[in-house]
Structures are given as structure tokens and as C-alpha cells.
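Presented below is the structure to which this report refers.
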Amino acid sequence: MQLLLGKGITKQFGGLTALYNIDFHINEGEIVGLIGPNGAGKTTLFNILSGAYPLSAGTTWFKGENISRLKPNEICRRGIARTFQLIKLFGNMTVYENVLLASLFGASESVSAEEAGRHALEWLDFVGISAAAAAPAADLTLANQKRLEVARGLATRPELMLLDELMAGLNPAEVAEAMKLVTRIRDRGITIFMIEHVMKAIMDISDRIIVLHFGTKIAEGTPKEIAAHPKVIEVYLGV
Amino acid sequence: MVTFLDVGIGGLITGGIYALIAVGLSLQYGVGRVLNVAHGEFIMIGAFAAWSLYTLFGISPLLSLLICSPVLFLVGFLVHKTLFRYLRKRSKSIEAFADSSLLASFGLLFIVQNIALIIWKADLRGYSYWDSSVTVLNAVFSVNRLFALLFAVVMSAAFYIFLTSSRAGKGIRAAAEDPVTAQAMGVNIHRVLAVCFGLGTLMAGFAGILISMMYEIQPAMGLEYTIIAIIVVALGGMGSITGSLIGGFVLGLIGSIVTYVDPGLSLIAYYVIFILLLLVRPKGILGK
Amino acid sequence: MARDLTTAKKFLPLGIHLFLFLLMAAVPLWAQPYFVILLNTILMYVILTLSWAIFSGPTRYISLASAAFFGIGVYTMAILGQRFPLPLVIGFGGAFSFILALFMGFLTLRLKGMYFIIFTFGTSELIRHLILWLEANFTGTVGRWVVMVDYSVVYYVLLVIFLLALLTAFAIARSKFGLALKGIGEYEEAALHIGINVTTLKTITFATSAFFMGAAGAIMATRWSYIDPAIAFNPLFSFMPVLMAIFGGIGNPYGPVLGAALFALLEEVLTTRFPYYYMLLFGMILIAVILFLPSGLLGLVKRKSKQPE
């Protein structure tokens, strides 16, 4: 079933065209990777999908509903959650409070305080940072902060999770852990769309990969197809 | 009969003052990120310094401009080096610094205004200097006002040249745009900030001296000028010094036109413009 | 036996509050008029500061519009005080301020940080000058006379407004909305992305805080008996709550209450003892607080209680 659909997505900032005529779709249960050199427009696309930026042209659809004009909180409630390339945590609030807030407000139906609390603890456990529940979020290591952002996103009960460079700044051991976490999220029935620069990780884990370059989609296919795609090779190796 | 020229030149005269105080505030805010609500108090100090020097020692305001400059600059420089530098070091984020520096400048406002009240009492003061009239193309102006306009224009031009051509000026603009990179490129950021703050109080002082030549003054006059400076900075674009220069003259002209229609409306007009700007184009005319 | 102790512990804070409230309610019965009138001024500042902190505390949007909301209340009493019963006019004062705040909140959707601060200040001043101009050009008078009300009645009304504001402050702080407001203050974009309707929450909280300021303004107008725009919309009513809240500390509702009470008392002492120096002393205290007490008085208490035995 098609979960997310983008038609002709275009985004301009003044004179600069960041995205041009992007068509893509994400099916339920997939892990789709989004790659491309720096400045290709990947995070811009995520910002459009999450409602942070308005579209200059084109439309976005989620579960058959046009979400092009919705605000981020409305999109979140409909089932799309995201993490950020530069972590945006509530630094002075505790780890628990960060996730609790998402539990309380992120779901499509209202939740009682006790239920929200229980869910928050569940998700902290799921990502593996229960031990730090009472610590201020700003005090965590980078790897744990990333986990916290994931837990916070998951607490909003999404069907689609947008992960923006989850593995950036992690050492190889942490990258392996992160990959395991992503698979476990998918095993829970959540579809994943992820931006990544760590090639090995994204090639191993994705069902499909979309490649952006200077704001346009230049390739799409399975990891094998992408690895052999001449345009992709040219763009990455500059040949 | 009030002519187009009266309103026009009158607007430029007021605008010149506005440009000076706006540039001063813009330097302090655009570079140093301090919204100095005590800015008007330094204008007031400049005005009273000129008044005192003239009435007690017969020193002309022109000379005051010269004498007071180093003092005014030094005061601002030192205030920044001590108070705001410490706050900057102590603040955990830019927002925290913006908040605490705003409040600290309130404290300065109270202190400076009270000192002025103690020294000069609350009465209106004024003096006459160069108030003979001159006729320019059928419009009548007093010499002191024309001088104020001349001075403001010359000072604005000089300052603009300084910013664009000189090494120090470029350092200031670099620091305003990107303090971190500027520092990496060898700009002594802390000195630049303190210098900018000092230049800000210098401009305020100049404006105050010019104002004292044209109007009556009293210790509570500062806040209104601070507000006007903020409006001009918003109009011209936060962080753009050229914008403050242009914005000052523009607002002065607008004020002159509105005063011609109904004097009571001029401040209202300023506020309406201000609010519209913030809502429609917070970046201002030339802002980034 | 142990069970009695835990029940007692649970009700102790409530008991203390009830006792303090009754104590305050009894004041006009035995105290000198001067003392009650002093308390009126202190209560006014406490209400302003507490209300201000309801919105500006957690969200860190520093509003300088308090004078506008207070002044609307003052003018509501000045204009309607003769024709309607007192409680109704006070309610109107609060309601008009509430509406103004909703309107302002709607306009300032996109403004953050410094822009918000100067926008609120600019609007406040615009209203002041606008009313001055309207009064001068259309009503013919600049000032207005307000109906007189006994100082003990003023006291009781202020006490009730204070109680309502305090209860509201605690209710919000302890609810999920209080947590959401803190989230907005920490990282508004993230709060938006986890489903919080930031715009609505900000606007309604802002308007709620304005309500109490308007109500306080309405009753304080009766104390002054003659008002004009300079008195009603005095910018000091915008600056003081900020200073008092910072002085007291913003962590929980008691900070602003404490800060306002002490600061207002300080102002009273300074203006009567040192009428020529009080601004100077004020400024120095303010700078000292910012330099040495960044978390306010509450921060001092927290620091002391965290020290090892």
C-alpha cells in the first residue's frame, strides 16, 4: 500500500531552487534510503514532508490525504514523525519529559496522563536509554541523544518515521547499533524513510534508495541497482 | 505658508538626527547583539554636557563635539568591556545573553537618568546658539538646524566610507556578519565589540549635542529617542548600518509630513509603521 | 499511626496556604489604612508579575505588553465604572485585555526573540498614544475621573484576583500544557513536530495572563480616582514585572510572587526614604541581580538546599 506520495515537489528560496519536480513514493513496510551529495536538497525534502517549509509547487500525500498545506503538528498527528540532522532536544528537561511530551501530544487520539507516562517509559526502554530517564537531555552522549530523539519521535505513534542522518557522528560500533535499532523499528510495523551519508549502512538496510543531486532525482532503485548506476557513480566519484 | 521645502528640509534635519542615533544603536545591536535601551540616556548626557559647557564656560557646541567625543567613546567602550563582556562570557546561549543584556541596559537606563536628575534637576533647559535665520529658496531655517543637518550628513558619509573602505571598518562588518569566522580570521572580536559599543555612545553623544542646539532638553528625554532609534533600525534592517542611515532620513521625512498634518499623530505614525514592518517585513528595507 | 503522618504531610501545604490566605483576608480588620493601601500596591505588582510569568516564564517570550493589558483594564473602569456594578466592570476589564491579547497573539505568529519583545512594547506604546490622541481630539478631556471605592474593598478584590491567578498558574504548570509551554521555550520547532499546537497554546496562554492584568487594572483605577493615558499605560508596568520575575526566579509560581512582593516593598521604602536616589538604587540592584543572581532568589534557595550536609 502506498503510504507517502510526492508529486512534482518544487522548493525555491528566493532565487535558489533547492528542489525541482521531485516525484517519489514510499510503500508501507519499506525502508527507503535518501542519498545524495551535500546540498542535494535531502533535508529540504524532509522539511517539506514534515510541514516545516511550504511547497513552492507540487503536492504531498499521506495515506491518500493531501498534506501539502498542513502544519508540522497536524502532520505529526496524522502519523509522520521525524528526527533532525542537528539534534533538537529539550535540553534542560529530563530525558523522560522529552518523550512524555511527545506521548501526550503526538498521537491522533488523546491519551491519559498515566498511559502517556507508561508509553514514554516503554519507548525509552525500546531505544535503550531507560537508565538515563531522570537526567537532563543535554547531558547525554551524542549517541544517546540521537536515541532520545528517535524515542521521542516514536512516542507520537507514527506510521512513517523520517530519520535525518541518524548515524552522523557515530563511531562504527554505534553505527551498527543504530542499524539494529532501525530494523527493530521496522519490525514494529513502522515505515522508514532515512537520509544517510554512511553508505555501507544505508546500502545494507534499505529496500529501495532514492538519489538526489542539486535538487533533482537522478536515480531510484534497489541498493544493487543504485551501486551500479552510472549517473550515481559519476556524481559521487566525480568522474 | 508652509512649503514643500519646509517640510522636506525639516524632515531631513530631523532625519539626520535619527540616522545618527540609529547607526549608534545598530552598531551596538547588529554587532554586539546588545539591545541597549539606555541608548537615549547617552543622547541625553551628550545634550546636557553641551548645555553645561556652554552655559558655564561659554564653550560652543561645535567645540563640545570635539571635546566630548573621546569621553563619550571611552564611556561606551568601558561599559562594554566590563558589564557586557562579563555577561557574554557568563551566558550559556545567545538568547540568554540577549535577555540579560537587555535587562542590564535597563539598569543602566535607571542609573544614568537618575544621575542626570541629581546633577541637573528635572527642569527644561535650553540655550541659544547660532539661532539667526537664513533663507534658502523661500524657506526659512535657523543656522543651527542647517548645521545639524550638515554635520549629520557629513558624519553619515564619513562613517559609511569608514565601514566600506577601511580595514577596521571591514573588521566590524565581518564581526557583524559572522563573529566566529571573523575571529578565526584574526579579528579581535572582543575589541571590535567594545569599539562598536563605544562608537554607538559616540553617535548618541553627537546626536545629543546637536539636539541641544535646536531644542530644549530635560533628563527624561532619552527614552523617546531610544524608541525612535529602534524603529529606524527595524525600518532599515536589523544589522544593516547603511539601512539605519537611510531609514533615519526616511523616518524623519515621514515624521515631518505627518507633523504638518497633525502634530499629535507623528509618534502614532512611527509606531504604526513600526508594527506594520515587524509583521510584514521584519527584515526591514535592507536587512538580511 | 504512620498513616496519619502521611495524610498530614499531604495536606500540610494546603493547610499552610489556607492559613496564609485567611491571615491575609483578616488584615483590613486590624491594620492601619496605610498598611492596607501599601498591600494593595504590592498585590497589584504581584498579580502583574505572576500573570506575566504564566506565559513568559516557560516560553521565554519576554512580553512588554503588560502596560497595555493593565491600562485597558484601567480605562474600562474609567469609562464603564459609573454605569455597571463593580464585579462586572472588573470582569469586562479582564475580558477586553483577553481579547486584545488574542488579537496580538494572532498577529505575532511568526515573531520570535527580540522582534517579539519590541513588537509588544511598540503595541503598548501605540495604544497609549492612540488613546491620548482620541481623548484629546474627540472626548475633549485627556484625563478621566474614576468612581471611588473603599480601600478595603480594593484589597479584597485584589486578593481574589491574586488567588485566581495563583491557582491558574499552578494548574497550568502542573498540567500537560505547562510541560508543553516549557517545551516551546526550550525548542519551539521540536515542540511543533511532536504534535503540540504551538500557535493556539501560545495565544491562549498569553491571553489568560492578560486577563488577570486587565482585571487588576480595573480595580486599581478606583484607587487613583484620576487617570490619564500616561498613568494607565505607564511603560513601567511593562518593565517592572519582568524585573521582578527575574529577581524572584522563574522556576515555579512562587518565584514571581516573592520577587514582586519584595521588589514592590523595596520600591515603597526607596521612594519614601530616598526620593531622589531610588532610580539609581534600583538600577544598581537590577544590575547586581543580573550579574550575581541569574536564577533569581529562587535560584539562591535551590543552591542552598543542594549543598551537601
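Each chain gets a letter, A, B and C, in the order it is written, and its residues are counted from 1.
One rule holds for everything that comes next: a residue touches a chain if its C-beta (ideal position, glycine included) is under 8 Å from a C-beta of that chain, and two chains touch if they have at least 3 such contacts.
This one's a predicted model, so the numbers in the text were calculated from it and none came from an experiment.
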Touching chain A and chain B alike: which chains? C
Quick one: point me to the chain whose Cα centre is farthest from that of chain B. A
Any chance you could check whether A-C or B-C wins on number of contacting C-beta pairs? B-C
When centres are defined as mean Cα positions, the distance from chain A to chain B in whole Å is 48
What is the distance in Å between the mean C-alpha positions of chain A and chain C? 42
I'd like the Å distance between the centres of chain B and chain C, where a centre is the mean of that chain's Cα atoms. 33
Help me check something: in the complex, which residues belonging to chain C touch chain A? 176, 179-180, 182-183, 186-187, 189-199
Interfacial residue positions of chain C with respect to chain B in the complex: 60, 62, 107-108, 110-111, 113-115, 117-119, 122-123, 125-126, 129-130, 132-133, 136-137, 235, 239, 242-243, 246, 276-280, 282-284, 286-287, 290-291, 294
Chain A - residues contacting chain C, complex: 50, 52, 71-73, 76-77, 81-82, 84, 88-93, 97, 100-102, 104-107, 113, 116, 152-153, 155-156
What part of chain B is in contact with chain C in the complex they form? 35, 83, 86-87, 90, 95, 98-100, 102-104, 106-115, 117-118, 223, 227, 230-231, 234, 238, 264-265, 267-268, 271-272, 274-275, 278-279, 282
